[in-house]
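In what follows, chain A forms one complex with chain B and a second complex with chain C.
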Partner chain A sequence: MEKVKLCCAKCGFTIEEYTADELATVPRKAKRYKYLLNKSSICPSCLASGRLKESRSTGEAVAAPAPQVGAKSSTTAPVAHEEHAAAATPMMDALAKGPWPSHTAELKKTRYPVQMYEEALQKRTTQWGYGGYVSLPGVATGVLVRASARPEITKGSNFVRIMDPCGNFFKADAMRGLCDIADKYAYGLLHLLSTGGDLEMLGIPTENLKPAVEEITKLGFDVGSTGDDYRTSEECIGPAKCDLTLYDTLGFRYAWYQRFLDDVQYPRFPHKIKCKFAGCPNDCVRGGQKADIFVCGVFRDLPKIDQAKVASWVKGGGDITLICTRCPGGSLQWDAKKGLSIDGDSCMRCMYCINKISGMRPGDDRGVAILVGGKMRGKYGPMLAKVLVPFIKAVPPDYKEVFDFIERLTEVYDEHARKKERLGDFLLRIGINEFFQLVGVEPSPLLFAQPRTNLFYHWEPSEIRDERQK
Partner chain B sequence: MPGIGVPTLEASLPPIVKRNYGKWITHEHVRPGVIKHDSETGEACYTVRVGMPPNARVSTGTVRMFCDLSDEFSEGYFRITQRNSIEFVGVPPARIDELIAVLAKAGYPVGGTNRSLHNTTCCTGYLHCHLAASDPAAIMKSLSDMLIEDYKTERFPAKLKISGSGCINNCGEGSCADIGIVAIHRDLPPIHEEKLKGCELPLVISVCPTGAIKPKGPNMIEIDPKRCIHCPACSVACAAMAPIGSANGDGVAIVVGGKAANTGDGPAMAKVVVPYLPNNPPRWPEVTDVVKKIIDAWVAGARKDERVGEWINRIGWPKFYQRTGLPLSFKVMDGYDARALELAKTGVRFQW
Partner chain C sequence: MATIELAGKQFDVDEDGFIQDTAQWNDDVARAFAEQEGIVELTEEHWKVIRFLRSYYLEFGVAPMIRKLCKETGFQLKYIYQLFPTGPAKGACKLAGLPKPTGCV
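== the complex of A and B ==
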C-alpha cells in the first residue's frame, strides 16, 4: 500500500504520515494534507522553517514506523535541564517586593532561565526569538517551540497547551500529577490558565515533548489549541455554580468536544477559530469581544418577578430606585403598592435587574444566540461579535441543530476566506449581508443595529422583474 | 496519545457541585472574596476567591500548596476563574476565616468580587514571547501592589477589571477591560534577507492591513514607512521580519471603557486615551500614575453600578480629559482606514 509522508525539507523529519487510501477516502485527512502542503511549517527537530517535502513509498502498511525523535528517550530517565548560573537579578528582586503575590518570586522557585527575563527588563526588549506551532508524529496540535535570541543563556523553550476540563475544576490529585510532569520534564512552572483557557507547561526540551504529552494524556488530559483550528473553547461556570445560566454550558462544551475534536486537533482552517459559550447575556467569558463564534444564552419572554420576594428585598434595604434608573431600556417601574412592573416593549433582556434584585429570575423561553466575528486583533484590530442567529433552541444531549449550524458556517469560512484571515476580517471584506446569504440565515430586524442610510445598492439583473402583481 | 478530548463532567466536578448541578437559585456577596450560592436542595455553597501572581505563573510548589489547601478545605477540588483567580468551592462557613488566614500567611489576598478590583490578567510579555513590546506582568504587579486594598474591599462604584497585553496581538485582552494596558511597537519591522527564503512572500504581503509591504523583484520585499502602522502581523507570518521593536521604540498605550456584559450600555471595546508611554522597568511609574488618575476620577464621579466606560459615556470625553488631567493628542482619533472619520464629532451637543 502506498504511503505518503510529509517531511521536513532540511532534515527529513516526518511530520505526518498518511496512506494513499486515507487521502482518497477521508475528506478530513485530505483537507489536512492539502493544508500542510501549502503552508510554511517549523520543523520540531531542526527548527528550520519552510515548505514540507512530500515523499511517497510503497512499503507494507504494517511496516514498523520510522524511528522518531522522543521515542528513544521515553524509557530512560528525564533529560537533564540546562543549568542556569545564579547571577544578580536587581529588576526581578524589585518586582518581588510589595504586598501582591509576585510572579518573579515564583519564577525563582523554578528552573526557568531567569536571566532571560532579567535582561529583557534591563534592556527593555524581549530576549526571545522566533517561535511557532509544530506538529509531532501523532501530536498535530498542542506543542509550541520558542527559539531564544540569547543562546548563551538558553537554547530555547518549548511548551505544551493542555485543554482545561469543563468548568475549570481541577481535582487536587490530577493537578499534582500535572505538577509531577512539569517537575520531571519541564521548568516546574505552570500557567494557570492562559487567557485562551489552556493550562500551559513551559520549558520542555524537544526530545522530551513526546513522552511529556504521553504522560499528560495518561492523566486524562488532552493537548491542543495551537494552529489554524478550533482553539480551546471556553465556557462560563454555568449550572455548576451559577443561578442565572440559561443553558447547560458545561454539557454544551463537552458535547462540542465530542463532535468537533478532530477539528480541534487537526488544523485545516484559514486561521484560528475561537469558540466561547456564555450562559447568559452577562457574558462572563467575554465571548462578545474575543470569540469568532460566540454562543450566548438568551431568553425571549420577560423576566419573572416574585413580587413578595422583591418587596422583602426592598424592605431589607435594596436600592430599587437605582435599579429602575439604571435599567438600560427604562422599562422597570416600582410602586410601593403595586410592586414591580416591566414594560415589555423596551426590555432588552440585559440581565441587570435579575443580577441585582433578589426575587427576579430569567424567563422560561430559553435558547441560544450565535454571534460571529469577535476578535482582539486580526487584520483590522479589535471587533465586537455580530449577531448571526438571534435565537435557536439548544437541545441536549447532542445540540444537533446548533452544532450543524456552526459546522455550516465554518465550512463557508473555510471555503471563502483567505489564508490567515480571521472570521471578523473576512466579514469586513465580503460584507456581512453576503455572509448572511452564504450561510443561509433568514433576514431579521434583530440582526442589525439600524438600517443603512445610503441608497447605493447592487442589484442583480435576475432580481429585476415586474413586481406589481405581488 | 492525544484524541481523548476533555475530561468528562463526572470526573471533573466536585461532589457539592454534582449534588446541586443546575439547581442554584440565588447568590449573595457575603464579604469581599466570599460568595454564597443557595440551592433549591437547601444546601449553601461558600466560595473563596484568591488573587494570583500576575500572568498566573506559579511554580509547582505553589500549585501543590493550593492542592493541599483544597484537600483540607474544599473536598479536594479547586477552580480557576475566567480572570485566573483560584476559587475554593464549598468551604464550610465555619472555616472561611481559617482559610483566609492561612492564605494571608502565604501571601495570597482574598477578594476580587462584586464592586472591587478584580484579578488582573495579562499575557506572558518578556517572560516568554518574541513579540512583546513591554512586560505587562511587571506592570500588573505594580498596579496590583498599588491597588491591593481595593481588591480586598468593595469601595468602587462598580467592578473594575484591568488587563494588559504585551503587543497589539492583544493576547492579554487589554481591549476587553475597563482599563487596559496595550503595549505597542513604533519601529519598522526589519527585513533579514538571508531568512526570507523560508517565508511565504505572498502571505507576508497579504497580511499587512495597510498594504505597506510590496514586492521588490522576485525574491525581495520593501516596506513603505509612511503606511506602516507597526502591528506585528508580518513579524508573526515571517521569521525574516522578526523581531520587531527596540528599547526606545517600544512602549505602552492606555485604553479605557471595555466591557463584555450586556447590562448598562452593552458590550464595548476599550478606547485609546493615552497613545504612548515609555517602558520604564521595573515599576513603570508613568503607567501606574495614569491608571491612578483614571481610577480616582472614576471613583469620584461615577454613580453606583457605572463601569468606567458607562461613566465616560454619561459625562462625555471632554469631561473625562478634564477630570483626569491626561494630555491629549490627535493620535487618539487617528485611524488607518475609513472608520477614522466615524470618530469625528457630528452635531454640536457639547458637554461644556
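== the complex of A and C ==
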C-alpha cells in the first residue's frame, strides 16, 4: 500500500499521513491534502514555516502483535539484554586523565553503552531520545524507559526509581543488596540520589524487570514515583545533623509516606506533584523554586539573642556593622553598650543574622508555612512558590492538621485542573483569589507572593507629593 | 494496520493492541482481551467499570479522568488496579474496546 506523507521541509517531521487509497476515495482527506500542500504551514516540531514536502513510500502492512504476556512496552520495542562491542573512545579517555576520580572511567567498568556518551561528546548533543513508561503488572506506576535516538548502539534503557528511607540513610547491608541486584540484572550502575530524592537503577532489560523489582521489594524498598502522582518527596537533613531546623523534617516525611503512599504508587492526579520539606527558611532543598507543595519551617516570634555571646563574637573580630547594613529588613541595631536589638515590625525572619552571628537562635513559637506552585518547567515556565498558609502548627506524630490541609489542596487540584497542568500553571489560570476560595483559606495580609520588601510601607502625607505641581 | 483475531473475528488494532473501531466491540471481545491481560474471570465489578467506561466514551468521545472513574464506580483506585493489573488506561480501556487514551487516563 502506497503511503503519502507530508513532512516539514526543514526537519522532516511528519505532519499528516495518508494512504493512496484514502486520497482516491475520501474526498475530505483529498481536499485537506491539497490544501496543506499549497499552503505555508508551521511545523510543530522545529517551528519553521514554509511549504510542506511530500514523500511517498510503499510499506508492507505490519504483522499482528503476538499475544503479550507479562511485562510489555507501550512506547518502544522491549529493551533486551545486549552486549556492547568495544570501540575507541578518545573523548572519554581524555576525560579520564588527571588526578580527580573520573566518571568516564567508572562508566567504562559497567555495562553502560559507552558509545552513547562518546557520540554525545563528539556531536555535542545527547544521543538519548524521549522517555516513556513500561507497564508492569503489580507496579501501578509502571517503569520508566528512556528511548534511544541511536538504535544501532542501544535500543533504550529501562530504569526504576527506588524510594529511599527518610534522611536518605541507607544501611551498608541494604546497599550491598541493591548493588548485587544492579550487578545481576542491570548495567551494574546506580544513580545515587537523583534531584527528586530517590535512587535510580539504570538499564534493566524488559525481561528482567519483574525479578529485579521482586528482589528490590524483598529487601524492603518500594519502587514507584513515576507518572501523574506524588513523586518521591525530599527533605533537608533536619534534626539528624543540623542545628537550625525548626521542625522534625525526617519524622514529617516519614508520616507523609505513611499517609500518602497510595498516591505515590497509584497515579491519579492531572500531572505530577512534587513535595519538598525544608526545616527552616534557608531552604536547602530548593523547595521554593522546584516543589509544587513546599512545607517550610518558620517561627513567629523574634530571633533569640544571647547578648554575651554576640559581644564576644564582635570582640573576636565579627563585622557586626556589615551584618546590620545587609539585614534585608534593616531591623538590626548594634550599640556597643546596649548590645544587639531587633525591630520586630520590620524583621522578615529570613535567617540572615542567625546564619551569620554566633549567639543568635531562631525563636520558640515554631510551625510550618505551606507554599504552592513552584516549578521549573510546565506550560508557563519557571515559577516561584506562593505562600498559601503563613503559619500552621506541626504536631507530631501524625501531623494531622498539615496533612488534612494538603489533602484538601490536592483534591481541589484534582477536581479543577486540566490534564497535564502543573499546580503553578493551574494557579496562574484560575487566579490565586479563586484558589483561596476553593481551598477555603481566608486571604490575609500575611500572605505574600514574594519576600516582603516595601509592600506595607506606611506613607506619611508629607512624603506624598505630586511631581507635576511644584 | 495490524490485525488480531478475537472470539473468531478479525479486528484492526494499533501497536499496543487497542482495537480501532469501537463499534465492533461486544462482550466476547472483552472476555478474549481479559485472557490476554491475565484476568482469570470477569466478575460483576469488572463489568461495572467496563460498562461505565463505554457509556462515558460513547457520550463524550474521550476516556474519563481517573477521578471520574473512581467517583462513579465507587471503587478505590487501588481496587481498580487489583481488578485490572495493567491499570485503568492500558487494562480497563482495552477491555472496554476504547482507543488508546492519550494521557494516563
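Here, the second predicted complex is superposed on the first by the 357 of 470 C-alpha atoms of A that agree within 3 Å, B and C clash if a C-alpha of one lies under 4 Å from a C-alpha of the other, contacts with A are read in each partner's own complex, and residues count from 1 in each chain.
Here is the rule we use: a contact is a pair of C-beta atoms (placed from the backbone, for glycine too) under 8 Å apart; a residue touches a chain by one contact, two chains touch by 3 or more.
Note that the structure is a prediction, hence the values are computed from the model and not measured.
Peer 1: Using the superposition on chain A described above, determine whether A:P267 touches chain B (first), chain C (second), both, or neither.
Peer 2: The answer is second: A:P267 touches chain C but not chain B.
Peer 1: Which partner does A:G287 contact after superposing on A: first (chain B), second (chain C), both, neither?
Peer 2: A:G287: touches chain B, not chain C.
Peer 1: After lining up the shared chain so the two structures overlap, which partner does A:E415 touch, if you call chain B first and chain C second: first, second, both or neither?
Peer 2: second
Peer 1: Name the contact category of A:D228: first (chain B only), second (chain C only), both, or neither.
Peer 2: A:D228 sits against chain C, while chain B stays out of touch.
Peer 1: Contacts for A:V145 in the overlay, against chain B (first) and chain C (second): which applies, first, second, both or neither?
Peer 2: A:V145: touches no partner chain.
Peer 1: Which partner chains sit in contact with A:S135 here, chain B, chain C, both or neither? Use first/second/both/neither.
Peer 2: second
Peer 1: Tell me which partner A:A255 touches in the superposition: chain B (first), chain C (second), both or neither.
Peer 2: neither
Peer 1: Going by the contact rule set out at the top, does A:L36 touch chain B (first), chain C (second), both, or neither?
Peer 2: Neither partner.
Peer 1: Please report the chain A residues shared by its interface with chain B and its interface with chain C.
Peer 2: 138, 140, 142, 419-420
Peer 1: Using the touch rule from the top, collect the residues of chain A that touch chain B in their complex.
Peer 2: The contact residues of chain A facing chain B are 39-40, 48-50, 91-92, 94-95, 98-107, 109-110, 116-117, 120-131, 138-142, 146-147, 149, 157, 159, 163-173, 175-176, 178-179, 182-183, 188-196, 202, 213-214, 217, 220-224, 234, 236-237, 239-243, 245, 248, 250-251, 253-254, 257-258, 261, 265, 281-290, 319, 322, 326, 328, 348, 350-352, 355-356, 358, 376-377, 379-384, 418-420.
Peer 1: Using the touch definition up top, name the residues of chain C that touch chain A in the complex.
Peer 2: So the residues of chain C in touch with chain A come to 1-5, 13, 15-17, 36, 38, 65-67, 70, 77-78, 81, 85-87, 90, 103-104.
Peer 1: Which of the residues in chain B come into contact with chain A in the complex?
Peer 2: Contact set of chain B toward chain A: 1-9, 11-14, 17, 21-22, 24-27, 37-38, 45, 47, 51-64, 66-68, 70-71, 76-82, 84, 86, 89, 107-109, 121, 123-132, 135, 137-138, 141-142, 144-145, 148, 165, 168-173, 175-176, 197-200, 203, 206-207, 209, 231, 233, 237, 239, 242-243, 245-248, 250, 258, 260-270, 279, 281-283, 303-306, 337.
Peer 1: Once bound in the complex, which stretches of chain A touch chain C?
Peer 2: 61-65, 67-69, 74, 135, 137-138, 140, 142, 227-228, 262, 266-268, 270, 414-415, 419-420
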